[in-house]
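Heads up, the next two complexes both have chain A, just with different partners, chain B and then chain C.
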Partner chain A sequence: MLLIADHLSYKYDKLNKKNVLDDVSFSINKGEIVSIIGHTGSGKSTLIEHFNALNTPTEGTIYYDGKDIFEKDYDRKALRAKVGLVFQYPDHQLFEETVYKDVCFGPTNLGLDKKEVELRAYEALKKVGVEDDLFFTSPFELSGGQKKKVTIAGVLAMKPEVLVLDEPTAGLDPKWREEILNIAKRLRDEDGVTIILVSHSMEDVARYSDHIIVMDHGKKLLDGTVDEVFEQAEVLREASLDIPESTAIMRLLRKEGYMVNTAIYDADSAVREIRQKIRF
Partner chain B sequence: MNKLVKTQDVTYEYVRRDDDGNVENIVTAVDDVSISIEDGQMVAIIGHNGSGKSTLAKHLNALLTPTEGTVWVDGIDTSDESRVWDIRQKAGMVLQNPDNQIVGQVVEEDVGFGCENLGIKTEEIWERVVDALKSVDMYEYRGSSPNKLSGGQKQRVSIAGIIAMKPKCIILDEPTAMLDPKGRKEVIDAITRLNKEENVTIILITHNMEEIIGVDRIFVMDKGKLVMEGTPREVFSEVDKLTELGLTVPEATLIGKKLYDSGLPISLPVLTKEELVSEIGRARLSKFR
Partner chain C sequence: MLRDITLGQYYNTKSVIHDLDPRTKILGTMVYMVSLFAFNSFWTYLIAFAALCTVIVLSKVPVRFMLRGMKAIFLFLTITVLYNLFLTQGDTIFSFWIFNVTIQGLKQAILMFFRLTFLVVGTSILTLTTTPSNLTDGLESLMHPLKWIRIPVAEIAMMMSIALRFIPVLTEETDKIMRAQKARGADFDNKNLFKRIKSYVPILVPLFISAFRRANDLATAMEARAYRGGDGRTKMKPLKYKAGDWIAYTSMLLYGITALAITVLINFQTFMLKA
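Moving on to the complex of A and B:
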């Protein structure tokens, strides 16, 4: 197990009675794609900001690679190079004069030489589909989706062991939403990078994860495989979430008496299942 | 019908200059776009990242004025500087990032802020604030500090702030991008209700195709140009063209199309889950006959 949250509790304000995170425990294996879902305000962003020690728990702790990251002499700076966090709001992460400089910032901080930094920045920008002619414009002159891509490139350029993406596809157009998720999947498949994905898209989560953690009002509500989690349609709806559209369509068919499998998460599988199980 | 919003051959260029004032770079973000939106319509604008949606939207409440061409809002030419505040009262805008829109220290104060600027009586403001907060399901947070809310909660507060000003038209630039499924549905339901019951014209920019199945009209942008326009049924018939534009269609539409391509007699396009299920039923019967 690469990352363990052990009875984690957190509050922003010590005087507050209510915990923003309340006794949360789970573990994440190396090379997994894990999604964290939950209503807005359920504590997802607060939770993942513990993974590289930006937030310090009020109770409990996090183990990374077997070590307690909140121990006094743990090297948290080194941890931040290993656990790369892409923030939810690009404006919080972008600050350099040009797109290119912005992406160079992370790798420069790792102490890499200039040539390596520039190579990595170039590769990362290309990977997320930022066109050359945007490299030297100010990040603040980009459209919403373009900004999002630049922040992802900034973290990719650091080549982290764990890539934590806070709502990476929010604001991306359909083509790039899929593209970004495929990039994450390829990083996992080819380089063994562990991916932690926070998302409000049930479709994305269902298609790409090995394992899903569901948060609700600061508590862990569910923790299981894609099938286990999306079986619980009612529990999810209670928690302001939902099931993927394809799954909902299969459930509707089932209700109409067609004996189709409902653990279906994309259009192609839905079509295959319908053609196989329904006699036309 | 009355054209509430109309653009005629609108082009907008972002011009970057160096320190000496020489032009360094020009981006044509909107390229010769003519659209008209009728009073009381609910329309959607879709398109790839950087296609010019937000730039076009900013023309509709005079945040930007065209480099070339003309924009009218309720008959007022937006380049008439003396009318800017009339226009902004008629057309309210909810922007992509909620953080840039929150001004108050307390949620209810923030929501009332726009109304205060309009010079509305305090008593009426409170009534409007209560209604607006309830309509986005944020009433219980009325006393909270906005900067302590999570992203999705903030977005609902900014929508309430616009709703409270009772504009003729609301332009929403990806208002649901940061919301959970329930929040997304609440926002779409709330703006649909405003449109149907109070005849507020709604202009919705989104990347989520499921959200716009019920709108009156969809405008499709590509590299600054308007490339398609029509009802959801018309636009979503063109699955291949939309895919080429980097876009997609609702899941039921996609499954319907793929079933049709596999040889089933499905009538296209299918828009909703319910339609898909009944089309599958029909396809079965038609083979038995």
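Moving on to the complex of A and C:
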């Protein structure tokens, strides 16, 4: 197990009685694609900001690679290179004159020499599929999807072992959503990077995930494989979350006695499955 | 979301102080501030303290919120008190090393301590019990006469309320940006001053860009709703004095008269003693 949350509780304001995170425990394995799902305000962003010690828990702790990251002499700056966090809004991160310089910011902070920094920046930009002719344009002139790619590259250039993406698909159209999620998947498949996706929508991330953690009002509601979690459609509905429509349809068909596969999370596969298994 | 609408340091609750007209509270705070500078005997400060306690109790704001403001001026307060304590000339009580504590210095230090504390707590009652928009409405109304010397009061008030509205937004944004850069290994507590200033560039650039974008959006939104300056604008909730305000003004007057009377009495006494 690469990352373990151990009875994590957190509040922003000491004067406040209510916990923003309340006794959250789970573990994440190396090489998994994990989705943390919950509606807005359920504490997802607060939770992931613990993974690289940007937040310090009021109770409980996090173990990374077998070590307590909130121990006094743990090197938390080194941890930030190992657990890369991409925030929701690219505009909070981009600041340099050119895309290329911006991607260099992370590795430069690691104290690497110039050559290594530039090599990493180049590789990272290539990895996420930013075309060469955009390297020396201003990051502020890019489209939303391009900006997102650049911010991911900016974190990737630090060569993280875990990449955490906070709402990576928010504000993007379906084509870009897919593209960004495919980048994440490729990183896992080709480079073995552990991926943590944060989203408020099952529909988006379900088919990319090996493991889903559902958050509700600062508590962990469900935790398991995609199938295990979708098994609990009722519980999900109570947390105002829904299983993807295609999955819901497959489940209904199954209930009616058709022997279809219920592990289906998008419309295309649903159509294929129905064509294949059901003869009219 | 709630955090976006809670503004400044306003403490949301219901109390007679919250209900007062902002003009009453602004003038009250001014009267109180003037009294702290004009009258500085033991007895007037005792009355000032009593008045402060009464208002705090009436406002139903927990005392710890009042003291939050003290944290900000802690250093200033300490320096002022020490400065007065050690560097006032007069009759020495005791001295050590290069310091010389005098009876006048001690008195002055105690006076300064209470004056600053009362000032900070007094003004924080104003901001804790008045929403910023109410506060600007009050200021605008009080500054109204300045229009006659061609000061654009309504525009200034609008600018102030917009600025106030965006303080929490920008604070939150600064925090988010800082975290995003920290996640990329940025270090903001570098010992070297030059490097430290440089390390703030990755925060300031996104912050300014976002502030300009917001300003632009806001200007468009205002124009779309036909905003054309302050002249002749009516208010959704015009300020109106209620019974409570007259009670407040009467109390202020009583407070002022009592403090003045005590001061006159004390001065008269010392005058008589001297004669």
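Brief remarks follow.
The rule is short, and it goes like this: the second predicted complex is superposed on the first by the 259 of 280 C-alpha atoms of A that agree within 3 Å, B and C clash if a C-alpha of one lies under 4 Å from a C-alpha of the other, contacts with A are read in each partner's own complex, and residues count from 1 in each chain.
In this section, a contact is a pair of C-beta atoms (placed from the backbone, for glycine too) under 8 Å apart; a residue touches a chain by one contact, two chains touch by 3 or more.
This one's a predicted model, so the numbers in the text were calculated from it and none came from an experiment.
Residue contacts after overlaying the shared chain place A:252 against chain B, while chain C stays out of touching range.
Contacts of A:77 after superposition on the shared chain: chain C is touched, whereas chain B is not. Shared-chain residue A:89: touches chain B and chain C both. Within the superposed three-chain arrangement, the count of touched residues of chain A is higher for B, of the candidates chain B and chain C.
By the touch criterion stated above, A:200 is placed in contact with chain B alone, chain C being left untouched. In the superposition on chain A, A:241 makes contact with chain B only, while chain C stays out of contact range. Residue contacts after overlaying the shared chain place A:41 against chain B and chain C alike.
By the document's definition of touching, of the two partners only chain B reaches A:279; chain C does not.
With both structures placed on the common chain, the touch criterion links A:105 to chain C but leaves chain B unconnected.
Looking at chain A, you'll find residues 41, 89, 91 touch chain B in one structure and chain C in the other.
Contact residues of chain C toward chain A in the complex are 1, 64, 173, 176-177, 179-187, 201-202, 205-206, 209-210. Across the interface of their complex, chain A is touched by residues 14, 16, 25, 47-50, 54, 96-97, 99, 148-153, 174, 177-184, 207, 209-210, 246-248, 250-252, 254-255, 258-259, 262, 264, 273-274, 276-277, 280-281, 283-284, 287 of chain B.
Residues 12, 38-41, 45, 88-89, 91, 137, 141-146, 149, 167, 170-177, 200, 202-203, 237, 240-242, 244-246, 248-249, 252-253, 256, 258, 267-268, 270-271, 274-275, 278-280 of chain A touch chain B in their complex. On the side of chain A, the complex with chain C involves touching residues 15, 41, 49, 52, 54, 77, 80-81, 84-87, 89, 91-96, 105-106, 109-110, 140, 154-155, 158.
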